[in-house]
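As written, the chains take the letters A, B, C and D, and residue 1 is the first residue of each chain.
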Amino acid sequence: MSSDLSVLGISGSLRRASLNSGLLRAAAELHPPSTEYATFELADIPLFNSDLESNGPPKAVVALQETIKHSDGLLLAVPEYNYSISGVLKNALDWASRGDPSVLDGKPLAIMGAGGRYGTVRAQLHMRQIALHNSMRVMIDPDLHLPRARSLFDNDGNLTDAKTRDKLRAFMVAFTEWITHSRTDPTLKYR
Amino acid sequence: MSSDLSVLGISGSLRRASLNSGLLRAAAELHPPSTEYATFELADIPLFNSDLESNGPPKAVVALQETIKHSDGLLLAVPEYNYSISGVLKNALDWASRGDPSVLDGKPLAIMGAGGRYGTVRAQLHMRQIALHNSMRVMIDPDLHLPRARSLFDNDGNLTDAKTRDKLRAFMVAFTEWITHSRTDPTLKYR
Amino acid sequence: MSSDLSVLGISGSLRRASLNSGLLRAAAELHPPSTEYATFELADIPLFNSDLESNGPPKAVVALQETIKHSDGLLLAVPEYNYSISGVLKNALDWASRGDPSVLDGKPLAIMGAGGRYGTVRAQLHMRQIALHNSMRVMIDPDLHLPRARSLFDNDGNLTDAKTRDKLRAFMVAFTEWITHSRTDPTLKYR
Amino acid sequence: MSSDLSVLGISGSLRRASLNSGLLRAAAELHPPSTEYATFELADIPLFNSDLESNGPPKAVVALQETIKHSDGLLLAVPEYNYSISGVLKNALDWASRGDPSVLDGKPLAIMGAGGRYGTVRAQLHMRQIALHNSMRVMIDPDLHLPRARSLFDNDGNLTDAKTRDKLRAFMVAFTEWITHSRTDPTLKYR
């Protein structure tokens, strides 16, 4: 149906059995049926270098930018490396933030993360500041932090814990509501 | 008119000639005519101590909580002391955040600040994290940072710079729009 | 002995049974015997207002500044309120940071905290940024975060958990070493 | 001379005419004669993926890790992209932080940055938090923020402004002193 919302999920980890990529796969199963859902893999994104833009950005970057542009909301699964988001994810966002307006400008965003002693709390704080630069509309509640998450997933990184699956289901419903709400924000014009 | 929005301005500085208090006085002149505007002074708020709550919070604290509760949006003028918001303001927010829900929960908020080399950019970043704890709906755009602000004000701390007054007028219009928008946020129920 | 180091402990909470004040009392028992240890209570510090400085700062503030000045290192127990340090503590630091140089400039500092889901990790991050403004020498390792700390203390807020007491003892030894080291820092002259 | 200190400079930008890379080239001219100085280019570092470590990390990563390991101090020039350090630099640090201990653990670090309205102040705050995870010994004073830096450099990104060159020279002297001091830090054993 043309009025369906589309959510684009991106994981900050390239590791095959990544818990954060597993969270995104679970989101693919648990999002509301009225929402379209797709993911984008960052493995082919080159390191950011604005010199590469002179003849148009690299092909994988164009694909990333177009895919974000045509999605209604961005869902980021952020592993915490060194108290911040992964360089892999930051690098992709550096590319995506190019242009005026960029494809990130004013985009509805939900942030979630698994792992670490404190469930990626520090990485998520950094991510919110990064999103602020792009005037992204970051969902406030509910949040999704999964500390010491190893036991919530099987060995292939699939989310198996029933309670966490319920949380994620509610998170995806809320995000759909947030996207719909954010699209009517009259202050988007002040960007 | 009963449908009018009310904005409550609070300055993080108690100094008589404070630039941030001056910003708030200018907001009193420049807000949209359809918006009610009041300020609350923090001088009488005691240091936070939850032991004082056992027989009901101190009178000044009750006044602060009630005034916030009955306002539709909170406007904070944040001086930057030691790379963060002032202790005076943080102390008031610590009192205001008490209760479940507290009067801060989900409240629309606009942050502005004058002073310093970088226009209170670090204090405003801290303020956004503090607001996140209370699920406050913090306006994203436009922002209002006033670096090296001394020359924009007269000696009594009144905002005299025409360009900055125009910025502030637009900021207040945007905040009114933001408040109206935030009140319809369906994700407020996830707090 | 005149070569002894002195540590000054300050709690960010005024509550009688505060876990963070309890941590400081435990530090009084567990610090190395060669270190002098004292605490300073913030209950009488007025709200910061630079207008009050014109005839000399208030008496309690002078006492705070003098006590910090004559200590060799500052030990802060930071409760986390609203994802940051308490307003009570921030207000005291705002007073202490006055003057050029202030009594905080270059002072060795150790930060610890009890409580919350994540052991005051966000408050400690804010505290490190605040300390940076004052060029304080903040101890890096070991850290001391005590999540869900209630069960480590008795009902009066005394630290009873043996393992945590051992951690704190090691923390205090490390801080003594850190103070001694920081006093020889040749880059203190660049403040 | 075998007692010479070696500093390794890394730029967070890959752009040919990058101001931050220009800062590093200027550091190569202005560091104390008793200090060895080298730079490492990040262009060949692949995106971080811990699966790639199973047969030993990629060649460029081994080179990065070895070069950091054999340097006495790390000098990072951090452009500010999206209110944080560049993904290019974060990705390199994610690789460098691998292992226990990693080559970053306890390493003396100096941070500088050029560009933006506020001289990379937000990126440098993020960098300090990232460094904390690795217990890096980050120099506190002097700092080096260069707001609106375009006019301080020629069109090839060479630092030409005399006053800024003096600042950088003093910064490099201070960093040499900081490295020497950090190597004697007795609390390094608590990592």
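Of note:
As a working rule, contacts are C-beta pairs under 8 Å (C-beta built on N, C-alpha and C of every residue); 3 or more make two chains touch, one makes a residue touch a chain.
The structure presented is a predicted model; accordingly, all values stated were derived computationally and were not measured.
A centroid comparison over C-alpha atoms places A as the chain most distant from chain C. Pairs B-C and C-D differ in how many C-beta pairs touch across them, and the larger number is found at B-C.
Note on chain placement: the centre of chain B and the centre of chain D lie 38 Å apart, centres being C-alpha means. Averaged C-alpha coordinates put the centre of chain C at 31 Å from the centre of chain D.
Chain B and chain C have CA centres that are 29 Å apart.
Touching of two or more other chains is recorded for residues 122, 125, 129, 132 of chain B. Those residues of chain A lying in contact with chain C across their complex are 117-119, 121-122, 125. Remark: chain A residues 13-16, 42-43, 45, 47-51, 81-94, 97, 122, 126, 129-130, 132-134 touch chain D in the complex. By the touch criterion stated above, chain C contacts chain D in their complex at residues 125, 128-129, 132, 135, 137, 139-142, 170, 174, 177-178, 180-181, 184-188, 190-191.
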